[in-house]
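Take a look at the structure below.
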């Protein structure tokens, strides 16, 4: 298929191995970073945890009551000291996700107060079974890389809900888990559960299969409990996510650049504290951003600004070589419709293109209030499309197909060419639930919308997919840990 | 005041699929294909023109020596403007990385927005479609969204153009059935513009032709291209190719095949008249190997056209792209997904003039609900592509200091001054569930459909002066159809 | 030792070289020519047809399988007594005058061939007279026309009318292409319409049954 027999080489040739997309230039990233450093040095942050205050003061911060001002040198040291990469493993300890540079992984969202019942479609409070179902679905979907809860189960003890979530996910998927923690007590029990699965804390540190999710309180305030969680995670040497939630024009400036200054200042506090507690502690930083939609009185999750500022944050974190955590795949629609599809796709495309490492939020309807497994399954397909695009176009001698074009000749057909047969499977993206049927076939198979087809897929996964099981004694150990923790409450 | 130096900022997001080196490699491969294999022109006049210019003509086969192609690249216009048909105001600058969007042409079917019936496009449906395009703020130009089929089919293009010019003052891209149809449409446009020279000075129409892949230029296409060049009117040349069927299965091979066809068209246009305004088009996608459809929703479409935008920028040729279309038979989640991905990708790639908004069902049926939804997606995409401004004002350090940790920015002047930067949706529903339910619990498609009906019932486009409308009617009524394949 | 079942497998795999080699071997061994075709080559192709319909195989694979089959048949054909050559029927295909778009017609041809039909493809840009001449020459049971444009599709009516005038009304006329619908097919007096290549096979089957 080559057109020449020469063994020539070609010099000075730069290619895009993937698509390139950038929002902030390097100079702009630097400027925002410098401004955040200035902010930390000049205004500082509210540190409401005693132990954290002491650690920071000892390291050279200026502590004045709860207000802590951070010298730029210290914040810069922390940003450089934090590892540039974290590997997340699967439940069996196999290395799975390279959380570094621009590798992107997708997973569901979790902060929903409601779920759509997978059988009836009814909107109701989440129960533990819903988390288990989310685990099964995540386990089955090819393009979903990690698992999160599907709301907080309301049929278990509220004070130990995190433990039940973790148990439900651990027993239903082998994929890495992002585990939210409400407080240090539950964090300890979760760590114990992790150790039970991994065999020892050392094994868990070597091959972490879950990561703690810690929310910063936003706008330069870090609460007692939040920082206690950071100290706990860092002391135990397990990776954690420290991310901020900001609302443009409300808890942050209306300008995206100003919001990014606040966001960076927020996460740098977590990074610094983590590094001071234990140098080299793996940390993933990030932010979730939205605007204040005053007309509707809600915080939209389908707005383009969610992706806009999220991308800016990813550009910043990449420039600092800190692994990133972001948000995409949610919608403000109340039902499965075209709005849901377009908002879900819009954000997932952009966050993927930006190279955000861990992208969560897929499957949240109704500005994050309601979790939908149907939407999660649709999200899996969107990730497939997005990845096809991000992978870009491979250009080389054989793919240029010069010889083939000449062999086919004008007016010919490529259908029967050897070259076509060789490449069509790998060069094309193959849909699973998107329809390309002509209208006759589509009508004959029931005139189903994508939402309907996805709902059927949810059913088929829940009925047929059997995730790999944990051994009985590990399952028993998990139960024991939960019971013990609940007894201590 | 303090100053600084050596700061580079992104005024917008920046995307490229290919490096300049890769663009060059693709162009050179296409150049090689034009030289070695060539393409077929089924048109005597074109063969004559290209032979005279120095191309190697062998029967219908035309092979283009590199220097002729390279000369054509130099002479073609880099700056093309499309204007308002009523005022001549210069509106669309089809150049650089500017991105404009509009509908698509030529669907045999359309979906009636009032009855939901799928039927063949008519004079009325094209009139309605044009009204909708006219009313939407993010739609920049009009294509017909249907072949008028309730008139003699051989002159349907004249009826289409009449419906378009009556219902919008936005620029029109006209797809004619043949050279005679195109001549009539140009005549009508000249009447509206006030003469041949006026139309040339401030063109509000853009002509369109497409080769038949792989590598065949039919007579109608070649003639339309030659006429566009002679008339000095912007002309789009768009290969509609499918990987694995009419082009190689590899995406790089698709690029070479498509470029070879477009650029052969460029050579014909420049050999006809140096400096003729030429726009390189493309609908590059895959042949779906399971259903054998030409996919309008495949991710490969967005990827290939973003790559084509890189090549167009590299060559400094204005480009015509594709977005806002779907394979779905209805406007459901899938339509939303495919519209969002294609519109966002195309806008970020900086492709200049982009068509096919409103194509549903693999391009077989136009759908006005989808047009209205894409108008909204465009609003979102444009907000995002505008990126983030970084300067002292937007960094807001002083404001943050004033507000302090845990404070609120809602009442700050700074917030007041900048809040309008946020995109405010028109159709997208962000209402709380109860409010949404009380308003009928409608899907986006239902809301879009209501808007379509409202526009058709109430929107009044800038009217075309009565005397001009009468002259146009006259041309339509006297149009003579030509059976294809016959002189 | 190679068997007729292996021959089917090579056809399914689309291995042209091995199909030819084994066909020759079977001929040399003295296998019955009709058996080689029916139980080897066509049997393999029948599997391909089913797998395509089920979405397990795709167009390029069907294409090479059909190529393997037809090259095998070409080798066996001279050994078969005239008139005994198995065929589901003969279909003549062409694209109408003024229209150079032919990928759809090509796909129909592949699908018909892979379903056991003998296909005569007369190419693109064919005037009604050219269709008539070809029908007279090849005597097909079915004549299929394709068009991509709303202007060129008008030629379909002329062709069908000319067929009737020439007394060829016994040949079934079928039409297809993006702007064609059942309504249009009825209007021009066609015997059938199919929206895609796979259903064109079903259409031919039902017209001949």
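Things to note:
For reference, chains read A, B and C in written order, and residue numbers begin at 1 within each chain.
What we mean here is this: a contact is a pair of C-beta atoms (placed from the backbone, for glycine too) under 8 Å apart; a residue touches a chain by one contact, two chains touch by 3 or more.
Fair warning: this is a prediction, and the values are worked out from it, not measured in the lab.
Taking subunit A out in thought, with all other chains where they are, everything left is connected by touch in one piece. Of all chains shown, the one whose average CA position lies nearest the global CA mean is B. Taking each chain's centre as the average of its CA atoms, subunit B and subunit C sit 38 Å apart.
Put simply, the C-alpha centre of subunit A and that of subunit C have 52 angstrom between them.
Annotation for subunit B: residues 212, 216, 244-246, 249, 289-291, 364 touch two or more other chains. For subunit C, residues touching at least two other chains, in rising order: 58-60, 100, 103, 107, 196. The residues of subunit A that reach two or more other chains are 411, 413, 415, 417, 420, 424, 438-439, 441, listed in rising order.
Within the complex, the subunit A residues that touch subunit C are 411, 413, 415-417, 420-421, 424-425, 438-441. Put simply, subunit C touches subunit A in their complex at residues 14, 58-61, 63-64, 67, 100, 102-103, 106-107, 110, 124, 195-196, 199. Remark: subunit B residues 42, 108, 120, 147, 149, 153-154, 156, 177-178, 212, 216, 218, 242, 244-246, 249, 287, 289-292, 364, 483-486 touch subunit C in the complex. Residues 55, 58-60, 97-101, 103, 107, 125, 127, 149-152, 154-155, 178-179, 181, 196-198 of subunit C are the ones that touch subunit B when the two sit in their complex.
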